[in-house]
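Take a look at the structures listed below.
Common to both upcoming complexes is subunit A, partnered first by subunit B, then by subunit C.
After this line comes the complex of A and B, so read on.
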């Protein structure tokens, strides 16, 4: 089927693997820098002092909220990275459906694993923040709810993979599900613009970020992207090598 | 020898034939409608036990939208799980797929029949729900408008459910798998429909915010999901 047109397949050892170590190192460096910047460089919101309660908007906030706001510098970038990883999973799903190359299914699966990792990071950081900012562990806020749903679909993706034996069929179903899961991303992204939410502000609507905040967020986001890319390539290389070992084993058994 | 006319039936004729096949099968066996209907009644009875001690001092009017939709979701799950099971038993689906027709027609026909069965069950279950829980309550005069969210929600659930039950038909632990996929994916639709239904029952004040807006969102989700399922169905059913 694919003989008529040569499809370029991703494989372990191609050029992205040479970027792997620098990407991971730079990612670690940038996220650490971002961590330090968030605590030592960026001033608390609206130039507030930690020693006394201040008014932000029309609520009084104390040092607990001002310090817990620092989670924002990790929470938001990690969430964006999880969306990007899911976009890649859906893209590879589409590539699989059009080319029927099992390789793209491996790519999609690995991208989905990275998605799950970053979704869990987002949930963990978000949950801590909710706890200190609003005093509850969980609230049925629109974005929280849609994001929880996203997490459940990503988990269901792996449950589905485990429940199908035939590789071709498993790949098809998984690809379709990753595309269906991606439909939730714009919803999750836009929901705070449609339904006003008390927990998640639309940052751009509320006057945007100060330059320092924006720089810190960008540093962390680029760092997290690099970490995600490095992890993706590492895992992809491992998965590919495992597949090749399996293929070799089968060849030997046939002899 | 008589000449056999060979003409390609129109897409609509194919659709109508497939739909008629599902409906005729249902009229002969009454398998889906009875099982879904009895299941709906059982869910209502479970509600009766769950709310037995609180129903007097609970604001049942505010809760009824959510309870109604929980009833619909679980009943639909049961029906959708069955809708492809019997297609497999007799190798019927293979027969249908041997016909040179566009696979999306199979999706449309199956989604329509599921939609009709779900509507038929709702026609019985919703009045039953009101009979058991709402006779002493005083819903708003806009109560009749709950048919709109019911229609929009059922449409989306039938479409998404048809897609997912085709996927889960070939998996291990079929019924659990369907629930694991179905509930998260219909969730945005469910959320919007519960809001609109509750708004209609309570008579919510900013009518646009609580009734029109959720319905617009639910309708948009329906359209996006039905289109995605319609396009991707070919891959799923042929796998």
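After this line comes the complex of A and C, so read on.
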């Protein structure tokens, strides 16, 4: 076992916790700003061409306007945040396996909880978009399938945690599973480059986003990252306190 | 209504419930998660205070 004195352990109440409320507030502000930009600043994406141009107000409209594409401005950022949160969970899993410090398991568990939250957001927003555009709740698109696998691994992580009583064994299995889950991230990200899909086009290959679209996505993504960071610190603080309650209970029982 | 305008609105109006649901779901779920975490944090803080008091009483 590694010497605990040499390993710097993450702890609640340190400087990142002082950023918790500002991060959540700024995150809420940025996501709201992004929402307003998406609807009032970025032009809708063109769909099928109209038989003849028509004037709407003082604008000439030549294509059917795809309003459902507005879901993209939340859908893509939450998907990226789910990958980042999973990267942290895998990092803490690796840290646990190398140091055997339970604290890293706590960090990994909380990071995985945030991952699950954002995975559910991605799935829900994506499904609502798919339902409207293609009239189905589910399609076996390569990215959807790999992302479903990712979601199932994340759910399995929590099932596994509840099935093992011994804390050391539970942490070991959970750490390994979080690293395995992270292996799916590059697969999920690159799959549409290998197997082209109409549901998830490669944005860069399709000519990229307009500057307005890119700015809006960036604003929402930064906002969501801050929200995820704030939620992580909040939950970590609660988890550390819960561990303290257990330690105090043991102390009382011993006396 | 002008058939071309009807064509434009045919994809705009029916998509509104799906867009509203997507955005509302994300915000509502985030809010619920924050409320649950903060309330369990408060409960745990109260538990810590009680246990520390109990230990101090035992030590006296």
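General observations
Just so it is clear, the second predicted complex is superposed on the first by the 231 of 255 C-alpha atoms of A that agree within 3 Å, B and C clash if a C-alpha of one lies under 4 Å from a C-alpha of the other, contacts with A are read in each partner's own complex, and residues count from 1 in each chain.
Rule of thumb we're sticking to: a residue touches a chain if its C-beta (ideal position, glycine included) is under 8 Å from a C-beta of that chain, and two chains touch if they have at least 3 such contacts.
Small disclaimer: the values here were computed from a predicted structure and weren't measured.
When the two structures are aligned on the shared chain, A:235 is found in touch with subunit C, with no touch to subunit B. After overlaying the two complexes on the shared chain, residue contacts for A:176 are found with subunit B alone; subunit C is out of touch. Look at A:184: by the touch rule set out above, it reaches subunit B but stays clear of subunit C.
Once the two complexes are overlaid on the shared chain, A:159 sits against subunit B while remaining clear of subunit C.
Between subunit B and subunit C, C contacts the larger number of subunit A residues. Contact with subunit B, but none with subunit C, is seen for A:145 once the two complexes are overlaid on the shared chain. When the shared chain is aligned, subunit C comes close enough to touch A:121, but subunit B does not. When both complexes are overlaid on chain A, the residue A:97 reaches subunit B alone and has no touch with subunit C.
Overlap of the subunit B and subunit C interfaces on subunit A: none, as no residue is touched by both. Contact residues of subunit A toward subunit C in the complex are 24, 31, 35, 44, 47, 50-52, 54, 56, 61, 64-68, 70-71, 74-75, 78, 117, 120-121, 124-125, 128-129, 131-132, 227, 231, 234-235, 237-238, 241-242, 244-245, 248-249, 251-252, 255. Residue ranges on subunit A touching subunit B, taken from their complex, read 97, 145-146, 149, 152-153, 156, 159-160, 163-166, 168-169, 172-173, 175-177, 179-180, 183-184, 187, 194.
By the touch criterion stated above, subunit C contacts subunit A in their complex at residues 2, 4-5, 7-8, 10-12, 14-16, 18-19, 21-23, 25-27, 29-30, 33-34, 37-38, 40-41, 44-45, 47-48, 51-52, 54-55, 58. Taken in their complex, subunit B has these residues touching subunit A: 163, 167-168, 170-173, 177, 180-181, 183-185, 187-188, 191, 213, 217, 221, 224-225, 228, 232, 235-236, 239.
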